[in-house]
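Letters A, B, C and D mark the chains in the order given here, with residues in each chain numbered from 1 onward.
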Amino acid sequence: MQDKMIARAKELLRDGAVNRVLGWKTGEFVYDITPAVFTSAEELDRDFVFDAFTAANLSKYLVKESKKEGKVLAFLKPCDSYSFQQLIKEHRVDRENVYIVGIPCEGKVDIEALKARGISGITAIEETADAVTVKTVYDEDITVAKQDVLFERCVNCKSKKVVICDEMLGENGEIVDSDRFDAVAKLEAMTPDERFAFWQNELSRCIRCNACRNVCPACTCEKCVFDNVNSGVEHKVAANSFEESLFHIIRAYHVAGRCTDCGECSRVCPQHIPLHLLNRKFIKDMNELYGEYQAGADTETRPPLVNFSMDDCEPSIVYQRGGNA
Amino acid sequence: MYQLSLDNLQNFFRQIAAHEKLYIPTDKDNVAVYAEYAEGMQLTQKLNTNRSAKDFFFPQTENLYDLRMNGKNLEIEDTREACEDFVVFGVRACDVRSFAILDKVFLADPVDSYYKNRREHGTVVSLACTRPEETCFCQSFGIDAAAPEGDAACWIADGSLYIKANTEKGETLLSYVADLLTESDGSAVAAQQEKTRQLLAKLPLANTDFEGMKKTDLMAHFKSPKWAGLSEACLGCGTCTFVCPTCQCYDIREFDTGSCVKKFRCWDSCMYSDFTLMAHGNSRNSQLERFRQRFMHKLVYFPDNNDGVFGCVGCGRCLAKCPISMNIVKVEKALEVQDA
Amino acid sequence: MQVENKEFKPLIVAFCCNWCSYAGADLAGTNRLNYPADVKIIRVPCSCRVNPMFILRAFQRGADGVIICGCHPGDCHYTTGNYYARRRMTALFSMLDYLGIEKGRTRVEWVSAAEGQRFAETMNSFVSTIISLGENKRLEDLRCKTK
Amino acid sequence: MQRIGVFVCWCGSNIAATVDVQRVAEELKKEPGVVFSADYQYMCSESGQNLIKDAIKEHALTGVVICSCSPRMHENTFRKAAASVGLNPYMVEIANIREQCSWIHKDKATGTEKAIILGRAAIAKVHLNAPLIAGESPVTKRALVIGGGIAGIQTALDIAEAGFEVDIVEKSPTIGGKMAQLDKTFPTLDCSACILTPKMVEAAQQEKIKIYSYSEIDEVKGFVGNFSVKIRRKARYVKEDICTGCGLCTEKCPQKKVPNEFNMGMDNRRAIYIPFAQAVPKVATIDPNYCTMLKTGKCGVCSKICGVKAIDYTQQDEIVEAKYGAIVVATGFNPISPAKFDEFAYSQSPDVVTSLEYERLMNAAGPTNGTLLRPSDGKHPHTIVFVQCVGSRCDGAEKGKPYCSKVCCMYTAKHAMLTREKYPDTDVYVFYIDVRTPGKNFDEFYRRAVEEYNVHYIKGMVGKVVPENGKLKVQAADLLSNEQLHIDADMVVLATAVEPDPSARSLATKLTASMDTNDFFTEAHPKLRPVESPTAGVFLSGMCQGPKDIPETVSQASAAAAKVIGLLVKDKLVGNPCVAHSDELLCNGCSSCEKVCPYGAITYSDKEFRMPDRTTALRRVAAVNPAVCQGCGACTVACPSGAMDLFGFSNNQIMAEVDAICK
C-alpha cells in the first residue's frame, strides 16, 4: 500500500493536481511516525511511510492546510474520513482545496499495548497480515498476534468505509458491526459507587497536558474556553478532582453529537485514560434516546443536541435506567 | 558497598518506611508510578515510571499562600505545610540528574524556598538500569545508567540489592536498615554494569550527540529554516513538558474560593498558546515560535547559562509520549544536518 | 408539605426561566406557599440559557443540588428553548450518572406561571431528595470548603 | 470597580416582618464595591424612588441593587428611575426578597440570611453589568401579504385603510382564494360571492394596495421593519396592463380540453382563461402546459383575435424586489386528496365527490349552473350520503390528519340543508363521529338541519362505498342503535380534511418562521400572541395557522392587520438590548448556534482576520441581528467556544451569581 500511495502522490504532484501531500513521515526508530507535509517526489521516496504505526488521524491538519494556497492531497483512513466530513459539516475546512485519497485500514498497532506485554528495547518490527514480530536490543525475537496489540478503537472498529474521498486506493470497506458500546454498558451496569471509584482512578491521573483536546478533530475552537482567561472557567491545571472531572465532562459535552469516535483522545493520552468511554457514553445515549446518529457520516443530518422532537424523553429518564443506586 | 538479598526487600522497605515516608516505583494500571510504600507493595519490573520524579520537589500544583479580607485589610496567610523527611527509592540515573538541573533553576539566587524545603527533606535513592530501552539516550548527556548518582545508589544483580551511600542523607538511610545489610565487594555490581553498558552501546539512539549543537551560533540555530518542518505537526499540547523531568516552567494563578483567594502555582508549558500571556498578548504567537522556544531552551539557552549543561537528561519520556512523535532527538538531528 | 430540615442544611441552586417558572415561584410567594430557604433562585431568560458549565460551577462552589425549571414543553416563551434544554440536560445528567454522581442531585421540572403550588411542592420534594442524598462530596472542590 | 448602591425595601411589613431589613442593608454595605446602602418603607413609592435617584447622583453610583419584590413587578419602575438621573437602566438589578424570601419563610433569622445571600448574588451580577443601549432600526412603511384569499384581502384592506402601502402576492391568476369557490356560507346562508367579490374589487381599487397576482415569493431577506423580498411574477403571456378582460380570447382558443381548477376539474376551460367572471385582476392568463402556441409554436389564435394586442408569447418571469416592514402569511389551505381513502370509492365513481366539488355543483356559476346533477349521468340524485371526518382526527398520521378540520361539521350541515331545501324529494344522510358546532348560531343552524329539514344524522362511520348498477352501495354502522346500515345512494359527499397549502413549507423556510408537524405555521404564543409568528415582523392570518372558518379567519386577519399597523406606525424599532452577541475572534463558524435559533437571527459571513500568528485568514463567523434576536440564549449553550454570549445574562454574570449564592 505504501508504494501505491507514494506512486499516486507523485503522479498527482507531477500533474499539478496538488502541490503538496499530507501523510506520515518515518522517524528515528521503528514506530515514531510523525504527520508531515511533503512537497516533492524526493521527500516522498525518502520519508513517506504507511504501516501498522501510521495511526495519527490527519483530518484536523486540514483545517489549516485547506486554507493555504493550492491544493493539498490528504490520505485518509476510514476513521479520518468521518472526522473530515464532520469538519466539512461545521465549515471548518475548504473542501475544494483538498484532494482526498481514501485508503483502507485493517487496524493500527498500539505500541503501548506491546509495552504493556513487557516488550521493550524494540529495534525492529516486522508486520504480516495478522502478526507482528519484534526484535529487541536484548536479542529477543517476539511474535504476537496483531489482534492482541491493536488500538482499542481498531479492535472495536465501527467502520472500514471511507465516507468521503475523491478516489480510493484499494477496495473501500463497509460499516461493520462493532461491540464498541460494550465497555460503556459494563460501566452502566455498575453501581454509582463503583462507577465513581472507576472514574476517580482514571481521571485522577490526568495531568492536563491537553493532548486529548489538541489532537481531537472535533476540538477546533479558535480558542478553547479552558484557555480563555475571559471565559470564567479557564484553568491550566486540574488543581483537584473537581477540575479533572470538569474539564473532561465539558470537553465531552462540547463534542457530543460532533465526536465521530475516532479514538484519538485515548490514543494520545500519556496517562492511558480511556477518554473515549466518555465520548461513547454520549454517543450511546443519543443513539438510544434520539435515534441512531453517526457524526461525520454525512453533512446534512442535524446533530442530536441541536435538534429536538416534541415527544423527547424527560431528563428524569436518566435516573430510571442502568446501574442502580 | 552493602548487599541484601532481594528476599529481604520488603523488610528493607518496611524499615525505611518506619522512619520516613518512603516512595517506590510500583505497577498501577499497566504502568509504573511512584507510590507511598504500603505493606507488600512490589517494586516495578519496568524500566522507569510513566511520569518523572520531579513532582517530589516541584509538584504540578502547589498553594503558595492565601489572601483574605479582614474588614478593609488584606491579610496574607502562609499555607505551607511543614515538610516531613521522605525517601524516594528507585530513581533512575536520568531522573536523578534531572534534580541537579532543577537545582540550577530553583536553588540559584533568588532561592525558591518551596522547592528548597522539599529538596532538603528528600533523600534520593537511585537504582541502576539493567535493561535500557530504545527511547533511552542518557549517555548522550554523560549520564551512566549503570552508575547512578543520588544520596544513595542501588544496583540489582544476582538476586541481591547492592547499596552505597553517597551523602550524609544516604548514610542516615543506611542506618535505618543497617541490620539487614552485609558488606560486599561489589564484584557482582561491576559485572552487571558491564552488561548494561554493552546494551547501552547497542541502543538505536546511542550515538546521538548533542555537543555538536554548541559549535553553531545561537542565532543560526534560532533562524534555522528547519523549525518550520519540525513544528509543522506539533499539536501544541503540553505532553512533552509535563512528562519531562527537567521542564520547570510554571504559572502563578489565583483561585477565589469565595472566602479567600488562593495564590497557587502550577506547571505551565511553553507549548501552550497562553504561555507567558501578558497584557499586550503573547510573546510567541505561532506554534513554530513556541516549539522552537522549548528546544532552544533545552539545547541552547540553558547550556549557555549553565556551564554547558543541557536541559535534557535523555530519559526518553517525550519520545514515547508525544502524540505525533516529534522529539528532541529529531530536532537535534535536523539542526545538526543543517549545520553540517 | 414543608420539609423539616435536620442538621444537614443543603445548598440548592434553582435556575428558573423568566417567563414560566420564575413567575411560578413568584406565585408560590404570593400564595405564601412555604419551601425551604435552602433553595436560591437564579433568573435566566429561558431554560435553554442554562449551560452545563453553570451546573458544574454550582457543585464546585458547594451546592448540594441543582434544579432547572422551565416552561412546560410546548409552552416555551421562545417556542423551542425548553426542548433544547431537555435534550441538553438529559445528556448532562446521564453523564453525571455515568461518572458515579448520585442519582437525583440534578433535576429538571416544568413549572408554569400558574403553578405556584407545584413550584413549592417541587422544591420541597427536591430538598428532601437532596437531604436524603446528603452532602455533595463527589463534585466538590475542597478549596471552596475552606472558610 | 463599580460603585454600587444597595436599597432594601420593607414593602411595608411584607418584607420587614420576616426579614431584618436594617441588617440586610448593613451586611450588604460590607460587600466590595458597595458604597451606599439604605432601607426604606416603600422603594417603589415616589419618595423611595427619589431616595434612589438622590443616592445615584450624590454617590456617583454606577450600579444599583434593589432588594424588593419580584423584578416582574417593579424592575421597569426602578430602571426608569435610574435612567431619569442618567444611570443606564440596565445597571439596575433586583434581588427578589419578597416573593422568593419574606413571603415563604416564617423565621426571621432564616429570611434575613437568605435575603443577604440574594442581595450578594445581585451585587455580584451588577459588578459585571455593562450599560446596554437598545438598538434602533428604521421601519419600512409597507406591508406584504402573502396569499390573496379572504384572509389576505381582509388584512390588506385593514392595513391600507390605516394609510399604509400594502402588496398582496397571490400565486394564482386571481385573488379570492377558496371563498370564491364557495356557494353559500354558514350559518347565515348568504351567497359567498356576494360578500367576497365587493372586497376583491375594493382591494383592486384601493390605491394603497398593489396586487401581484400569478406571483410567488422567491427570497426573503432582512428582519422586522426591514425585509427585502424578491417576488417572482410568473409569465402569464398576457400584458396585464393592456388586457381589458373582454374574454374574447377565452372563447376562441382552440384548446378546449383543459380541466377547470376553479370548478374542481368537473368541466373544462381553454388554454387561455380567466378563472371566473369576477376575477381580480380581470386579466387573461395563458396556461403554458396546454397552449399549443407555446408548446409547438403553431396557433396564435388569441394573439390574432385580441383587439388591444395584449398577448405576448415571449414573456418571461420577472423578478420584482421590494422592501417591507412587515410580512403577513395568509397562504390558506387545501382540502386533502381523498385518494388514500379508497374505501369511499372516490377514484372509482364520479358520483363520489368532495365537499368542495359539491359546493361547485350547487353553485349557479358552477359546471351544472347550480342544478344538482350526478356527475356520472347528469340525473337528479335522490339519495345523498355525506361522510364527515374524512382524513380528520385520524390516529395514524400516514393516512389522514390528527387534528379536527373544524369547518366540516358546519359546511356539511349547510350542504344537507340546502339540498333538502332545493330538492325536498332527496334523502340526505350525514355520518359523523361527533358534530361540533361551537360558534355563534352554529348549533341552532345544525339543529335546523336535523329538525326542520329532516336530515338523517347518524353517528357512525361509513365502512365502504361500492359502486354497483349505477348506485353507490353505502355500508355503514349506526353506533347509537348499534346496527349495520346499507344505503343505496346516488351520490356520496366526502367532507375531506383541510391541510396547509403545499407552498407553505418552503415559504416558512424563506421566512425562517417555524411550523408544527402538520405544516401549520406556529404562533409566537398559543394564547397571548396568536397572530404573530415567533419570527419578529412575520404575522399569521387565516388557515395557514390552523383550521378556522370565515368569521374567525376575518377576525384573525384584522387582528394581524392591527399588529402590522402597530408596527408600521413606528418610525423606529427599539429592540430589547438583552440579546445575544458573538465574539468574532472566538467564533468557529460551526453553525451550531444558527441551528437552534428559533428566530433566524444568526447569519454567517466570511471575514478577514489577523490571526495571532500574524497571518491573515478568511474566517466564517456568526453575527446576531439584534433587531431579530429575542434573547432566549439557546445559542449561547450550543456554542462550544463561548463566542456566543447574552447581554444582561452573560456566562460570567450567571456564574458570579452562582458563586455568590454558594459562598
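Keep in mind that, in the parts below, contacts are C-beta pairs under 8 Å (C-beta built on N, C-alpha and C of every residue); 3 or more make two chains touch, one makes a residue touch a chain.
Since we're looking at a predicted model, the values are computed, not measured.
Participant: By label order, what chains touch subunit B and subunit D together?
Facilitator: A, C
Participant: I want to compare two interfaces, B-C and A-C. Which one has more contacting C-beta pairs?
Facilitator: Result: the pair with more contacts is A-C.
Participant: Per the centroid of Cα atoms for each chain, what is the distance between subunit A and subunit D, given in Å?
Facilitator: 46
Participant: Between subunit A and subunit C, what is the gap in Å from one C-alpha centre to the other?
Facilitator: Here subunit A and subunit C have centroids separated by 36 Å.
Participant: Using CA atom averages as chain centres, what separation in Å is found between subunit A and subunit B?
Facilitator: About 30 Å, centre to centre.
Participant: Counting only residues that touch at least two other chains, what does the list for subunit D look like?
Facilitator: Residues 596, 638, 651, 655, 659, 662-663 of subunit D each touch two or more of the other chains.
Participant: Among the residues of subunit B, pick out those that touch two or more other chains and give their numbers.
Facilitator: Answer for subunit B, listing residues that touch two or more other chains: 255, 258-259, 273.
Participant: By the touch rule stated above, which residues of subunit A touch at least two different other chains?
Facilitator: In subunit A, residues 223, 225, 233, 239, 305-307, 310 touch at least two other chains, as defined above.
Participant: Could you please specify the touching residues of subunit D with respect to subunit B in the complex?
Facilitator: Going by the criterion above, the answer is residues 32, 612-614, 659, 662-663.
Participant: Show me the residue ranges of subunit A that touch subunit B in the complex, using the header's touch definition.
Facilitator: 27-37, 56, 61, 111, 116, 118, 120-123, 137-138, 201, 205, 207-211, 213-215, 223, 227, 229, 235-237, 239, 264, 267-268, 270-272
Participant: With touch defined as at the start, can you tell me which subunit B residues reach subunit C in the complex?
Facilitator: 66, 255, 257-260, 262
Participant: What residues on subunit C touch subunit A, complex-wise?
Facilitator: 52-53, 56-57, 59-60, 73-74, 80, 83-84, 86-104, 106-108, 138-143
Participant: For subunit B, which residues are in contact with subunit D within the complex?
Facilitator: 69, 256, 258-259, 273, 281-282, 285-288
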